[in-house]
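Naming follows writing order (A, B and C), and every chain is counted from residue 1.
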Amino acid sequence: MSASEFDLLRSVTLGQYLPTGSVLHRLDPRVKLLAGLLLLVAVTATSSLAGLALALALVVGGFVVARVPLRYALSGIKPMVPFLALLALLQIVAIPQNDLNTTLLWRWAFVTLTVRDLVAAALLFLKFAVLMWGFSLLSFTTTTTELTHGTEHLLRPLQRIGLPAHEFALMVNIAFRFVPLLATEAERLMKAQASRGADFGGGRRLNFVQRMRKQLPLLVPLILSSLRRAEDLILAMEARCYTGGRGRTHLIHLHAERRDYLALAGILVVLALTVAAGFLSADAVIWRAIASIRTS
Amino acid sequence: MNADSPWIELRDIHYTYLRGTPLEAAALRGVSLEVRAGETVAVIGPTGSGKSTLLQHLNGLLRPQQGQALVLGEDLGNSAVDVREIRRRVGLVFQQPEDQLFERYAGDDVAFGPRNYGLPLDAVRERVREAMESVGLPFEAYKDRLTMTLSGGERRRLALAGVLALEPQMLVLDEPTAGLDPMGRRSLLQYLRVWQDEAERAIVLTTHNMDDVALLADRIYVLVDGRVVRVGPPRQIFGDPGFLLEHGLGLPSATQVVQALAGRGCSVPVDLLTLEEVADAVERLAYERV
Amino acid sequence: MTTETAVPSTPVRKIVVSGVLGAVAIFLGWSHLGFIPWIAGAALTIMHVPVIIGAVLEGPWVGTAIGLIFGLFSLLQAVIAPTGPVDVWFQNPVISVLPRLFIGVFAWLTYKAARRISVPWILFMAGVNVGIIAAFTFSLGQSNAAAALFLAGIGLGGVAALTYSALKMEREPLALVLAALVGTLTNTVLVLSAIGLFGHLPWAGLPAIAIANGLPEAVLASILTVAVVVAWKQIETGTRKSSL
């Protein structure tokens, strides 16, 4: 077993692109962006476990259709688990569910554990999980170029009220492309400085200024090389007579096809149900149904 | 480690990046390599053949996932090995090493290495002085210069000095002359030669420049697609130009001239390494004809 | 003496530098390199430093743009992949995005002023800058006299420290340090004020956090800012010699 001590990005799934050529990859990026937004709204707005289960099924179904290995996709949540566990615990311990309409499961000192508590904790966990997985699905199936084009198209109406949508989209595009470059560069720098005996780990007896100074051999060259690349990019763009967004025509036009509309409609329906489940107390209904099946 | 054993022994090394994820990529598929005291070993191969990955196994930046890596008598598969000590004795110089300069003043950057190993100030100063002199940057003149105001070639030599200041036994260089102008290239190679001749040292380098290889290397490993496809001295390797071209590799200028001559019906031996040798051989042929 | 070549600031330049330094800010957050571990498991962040560097090198618009990218990223990270309780608050754009828009402007103003005016004026303006922000935001809640006095005491102590280093430093690095200080404190004060505004934390506790967290972060920010900008602009600093 030898995980490199310099592996910065091993279990980071968010932001990773997997070219499997599935139908999801070929969807119009605007659909995917809107779907992401709708997912965000729906997951935040729902209060029903059943509804969340629907959203989860949607996302997992997405992974399957996109031919993303499930275990890899779901592992993206690993860095979040400690925090989410803590949050769930806090939910149970600190926030009393003063609803008399719930069964008490356990009591220990001042801690009361009710079914409501468990449900609330599960809701919290699932909300974050579904969002994380949903957005990683988005990044698995959409290149940064597509994302930028999609965002720019969606923001174009704002240009009419004076917001520099094109410039902003370009800026974000540049930023997106640079982040992976920075990761590679950072790894290279860490290795090069480590080869000179640099130690990026923290000692116990160091104050924060000293720790900062230890990071300088990595951070300073990283930022300087970024600035150098920026100069090259500026030169390249100016040499191609880029003068800003006004009156600029586009090579790539996004055309929404029927399957894009269908996909969007389907997602909309599922997510609407997710939210509706909360309002219709779907959880209670299902709970009662299960209870009645058991007793019959 | 006895006096005769090789300084570096890599046996059947395998390495895959991001193993276990859908993005995994095999970089080395069973590579074996040996470096002895006093040798200069060159590793050549097309881009993506795994050269950089291989080099990083030589100072413990990467540990073999499979196979054995013995460096200066230490087994790098053993996690108890003092890797920092290995990194001091095996100096690894990355591509474009001038990118790693970060100190305001040139002397300070060269001092970074010795300082990391806890040497006292006067020892550091001595190391830096020697290292800078050996790359052609006189200590008193350059130590207070602003790092970023030096020319590209000067900064590369400064970065090299930074590694030399650790007084390594071996230098491992990844494309040391990439991006240098011809004069810069020549002087860098000269400094490397001088450094090696000073004491019992070894050099491992990767490069795309076959003339460098013809000049410096005692042995060449040809790495293609993560595997060693041929090993041998330069005359043997460059004596089979067809093989190299087949794998997308270039040829030293001498070999190119020989091939061109052969194409015009002038048969000069193929295993010539420098243009001077080719000129001599052509001269001889001319005398023979006469 | 600083050596500066006057490069015209074209729209392309602004967009590209904003994008690149924005990427650095994102990367520092995403890879956790932007978190310098501190006491009791907490960390000091330097992810706002690219904003300051961008503002100092290219002006207030670039600083604001990078601040926007930084803010949006921290919003996105809080929503999609939170790793700590504080992230829940940052799901609110008024806390995560809005304050970050001002870092660049204030850093730039400080930098510009510091390069032209004499040292006592610099200190005065830096103090006024910070004081205005602090007074304005803390007066929105129930500020108490003790906290205000404490702040004033720290402020005076800070001025004394700055005077001392100002007398030893060259103009340009000092301007950078002040810009970094003001930029960081803008970030700290505005973000904390927003947190207070939404009632996540009691107002009375905020000044203590601002100082305990903001000042060390400001120190780190100035170290990094000076190291990068001085190297980039090839500026001589006070010592003029290596340490050898």
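Everything that follows uses one rule, which is that a contact is a pair of C-beta atoms (placed from the backbone, for glycine too) under 8 Å apart; a residue touches a chain by one contact, two chains touch by 3 or more.
Keep in mind that what you see is a predicted model, and the values were worked out from it rather than measured.
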item: Topological distance between chain A and chain B, in contact steps; value: 1
item: Remotest chain, chain A as reference, centres from CA atoms; value: B
item: Pair joined by more contacting C-beta pairs (A-C or B-C); value: A-C
item: Between chain B and chain C, centroid-to-centroid distance (C-alpha), Å; value: 44
item: Inter-chain centre distance, chain A versus chain C - centres from mean C-alpha coordinates, in Å; value: 27
item: Chain C, residues touching no fewer than two other chains; value: 227, 231-232
item: Numbers and ranges of chain A residues touching at least 2 other chains; value: 216, 220, 224
item: Residues within chain B bordering two or more other chains; value: 102, 148
item: Complex contact set, residues of chain A against chain C; value: 8-9, 12, 14-15, 40, 79-80, 82-83, 86-87, 128, 131-132, 135, 167-168, 170-179, 181-183, 186, 202, 208-209, 211-213, 215-216, 218-220, 222-224, 226-227, 229-230, 233-234, 237-238, 242-244
item: Of chain A, residues touching chain B in the complex; value: 2, 4, 6, 10, 16, 18, 68-69, 72, 185, 188-189, 191-199, 216-217, 220-221, 224-225
item: Chain B to chain A touching residues, read off their complex; value: 18, 21-23, 56, 59, 61-65, 77, 84, 87-88, 91-94, 97, 99-102, 112-113, 116-117, 148, 162-163, 166
item: List of chain C residues in touch with chain A within their complex; value: 10-13, 15-24, 26-27, 30-31, 33, 36-38, 44, 46, 50, 53, 57, 65, 69, 79-85, 87, 216, 219-220, 223-224, 227-228, 231-232
item: Touching residues on chain C, where the partner in the complex is chain B; value: 227, 230-232, 234, 236-237, 240-244
